[in-house]
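Shown next, in structure tokens, is the structure this report addresses.
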């Protein structure tokens, strides 16, 4: 008999996933766009484009620009809305055989709650990922997710309307990521996604104009990996029992191992899927190779396995 | 008669500088290391390695590692101490014909004040740059510079002991850079340096260990430029009269123009001087070329000249 | 979308039009304008490239009875030359005009290949070093103005967005249908990043996406950014 | 310190020993282990490199009356081959031994060049595919153990730090002076970044810096990281 293959399955906040590798919200469309390039059922999960109660058209152009080892985006959370999602996007995802994690947001608390409740009622939605990096119009553009008290309250209200695993996606634009993590857990979250994009800006010096129509956008890609890894580790060290989905610049199988060692249970491949639509598949293969090289039979051995950290 | 050459001189918080291009603390030694590679008198200013009241040996190895378009360092503020600086390093800098900006820090408020007072008394020191990104031992490793109230108090105490231009170097590890900028100015600062390194981490997945002995270090280089540019612009927009020295990933003449457009009066070349010791000279040449191409006769036309920003 | 063995910077692939297909591969016309395209220039012959495509929708194939006016600016020539070569190969005997403009004569490339297709050429350079002195849109307008019967005439244009906006204005003035191949930043090429969204002229949303719904659009339908 | 036309990633130059100088230029021995060195491998012949150097302090030149035992691991061969070639050229008629180890025989390179210098060779491979089966330090220790008079004997070593720590232990045991060329991360090469600081054995600080005070140090003085 041959040796058993490497075991990749993990359990994240009650979700059984065939692999720790998910794809990140906003970088994998609604899944279908990528079906020609990889087998979606090999993914541990798919986080959808962020969904709001009503469809949104998003921001003016230009919306993206490249930076050193990264990119800035200000898509403006363009999406089909919660009803459009149920009708047009969910059936495909349901049939795809992967865990469907629906990223959602709102402009107001009520929006969040309405969206959370609608998604809770949908068969085929396995978990909810709350995006709290949205500028709060009433508070002068400050993100909902940067104030622990506001965040805890928001989480609590959404918790009340869903029994599905509720994952809070933390913003890195903060002094103290651990305080935001604690607030989320105290509000009743089941897990955390760490991190969303970092607020950033680029200028076209010759035209003397911002390269992004909205001036500010979110930085993603390998450039931010060291910051993301630091935040995952800080949260894990402070709250070792909380499931974390690590995100930020993941581009190789070794990157995945680094996030798992820092304390993540799953990871999400983001911007790299733009560079190569089959990125998650390649990364999956590299992770398996890494485990073989390092004689690791179960990927869970890696989780939180960093040695000598301070 | 030939056309007058492009004018590069700027005035920053009372300092007359031949160019807006300074070199950043910790990336240009005490100046002397770079004398073989460029004419220091062409620089608008040199920010020295951070000086503390007593000499410091710094952190264990490894102290540096490369990341995507960037690097992490945890040198641990190794320096010759304020007396060592006066004796061994200042004479050279004094003779170099550039503006000498001494970066300083302490482990306690008293350290800061002692260091500031000692530097105030030194002939040949043109300005002080206060590094507030140092972990405060008493407060459990939180940086001094992340709490506006603490920061304002610290600035005020240092302000009391020096009449020289006092520049506060802000930390980017914060939710609200504008609040820190305001606190510094209310404490009596003359200008701001934006930004210091971003807290980050790297892992060697095969050895399962942090790549930096102290686990966390500071991320610098082109990777962070979009974040730095955003913070410079935010501070400038909120406090248009405050002189800002823009820092973060500057590697080309066009990068300099971008920071000036965002509102910086001077900029600092950091990590790029490790990649090429003559970086500041090359960048100076590229800035002049940019001005020629764009028919800009005085560099001050660029400062705050961004159009269409929100 | 094309990417070299670049590692992590530049991060994203670059969008190119297919100039022509050659047994199993394809030819691209690339102008080195920035970091990515300059790396192509530096690459060794035989250096591996990763290519994702063909993607999106090309210009409508030539048809009998239609007179195509091709208006190219710079490397915008690529999809229009493809179009002209297809027409020549299928011996679709329609008259075809190519209006091809650039800054200076050195930027006018592939003139032999153009000649071989049999299209009628109207060259223009901004510095007057070749063909008409001025913008290519002047040549186009002169041509349209002298034509009394414009039935069946269709404009196909690819070039800088500013040029194409001018072309669209002319098409509107002479009431000629116009297809544009829009330029713009693209990250993914497959409709996932939503970076290439174009507002629709009727104000409706969601937008159209240049990478999957375009890059060729009926000019009446989209707002060129 | 050597850097290709890389742009912004990798960002920093890489440290290399000079293998030999050839009219106006120099040769390097490069092992492709990571992103930077792999880019060297991919570079076209004639591709421009920016080189900063020579930097730091090399091995003390060979002298009459001294017997140098050169202990090389992998590409640590480079500065030691330089040393042997200098000795051969200046016909400094001292006996010289080279202990050269690698994982497998394919990693033992430049054997012809070594032979030409006239040094006595002691090869070792960890897999036994060439020379002694095992670590090069075994060969070194065997040699030292059989020598009764060790006056004038000096060890010069360059290779992985772990190997060099073992060499230093042997040197100490046999009371032979030892020079080490330390490895370690370097960002600037000119004493500015303080990334290459090495603790001194006497516990004193500030540290010594591998780039300016080394990379060659008296093994008694520094702690190999």
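Per-chain numbering from 1; labels A, B, C and D assigned in written order.
As a convention for this text, contacts are C-beta pairs under 8 Å (C-beta built on N, C-alpha and C of every residue); 3 or more make two chains touch, one makes a residue touch a chain.
Please read these numbers as outputs of a predicted model, since none were measured by experiment.
For the pair chain B and chain C, chains touching both partners: A, D. Looking at chain A and chain C, the chains in contact with each of them are B, D.
Each chain's centre was taken as the mean of its CA atoms, and the one lying most distant from chain B is C. Each chain gets one centre point, the mean of its Cα atoms, and the points for chain A and chain B are 34 Å apart. Averaged Cα coordinates give chain B a centre that lies 37 Å from the centre of chain D.
Each chain gets a centre from the mean of its Cα atoms; for chain C and chain D, those two points are 57 Å apart. Centroid to centroid, with C-alpha atoms defining each point, chain A and chain D lie 46 Å apart. Residue numbers of chain D whose C-beta contacts span two or more other chains: 8-10.
The set of chain B residues touching two or more other chains comprises 68-70, 221-222. Viewed as a contact network, the protein chains are fully connected, with every chain touching every other.
On the chain D side of its complex with chain A, the touching residues are 8-9.
Residue ranges on chain D touching chain C, taken from their complex, read 5, 7-10, 35, 42, 44. If you check the complex, the residues on chain A that touch chain D are 68-69.
If you check the complex, the residues on chain A that touch chain B are 67-70, 72, 146, 173-175, 198-203, 205-206, 208-210, 214-216, 219, 221-227, 229-230, 233, 249, 254, 257-258, 261-262, 290, 293-294, 305-310. Only residues 26-29, 33-34, 49, 55, 57-58, 60-66, 68-71, 73, 75, 78, 80, 221-222, 251, 271, 273-277 of chain A touch chain C when the two sit together in their complex.
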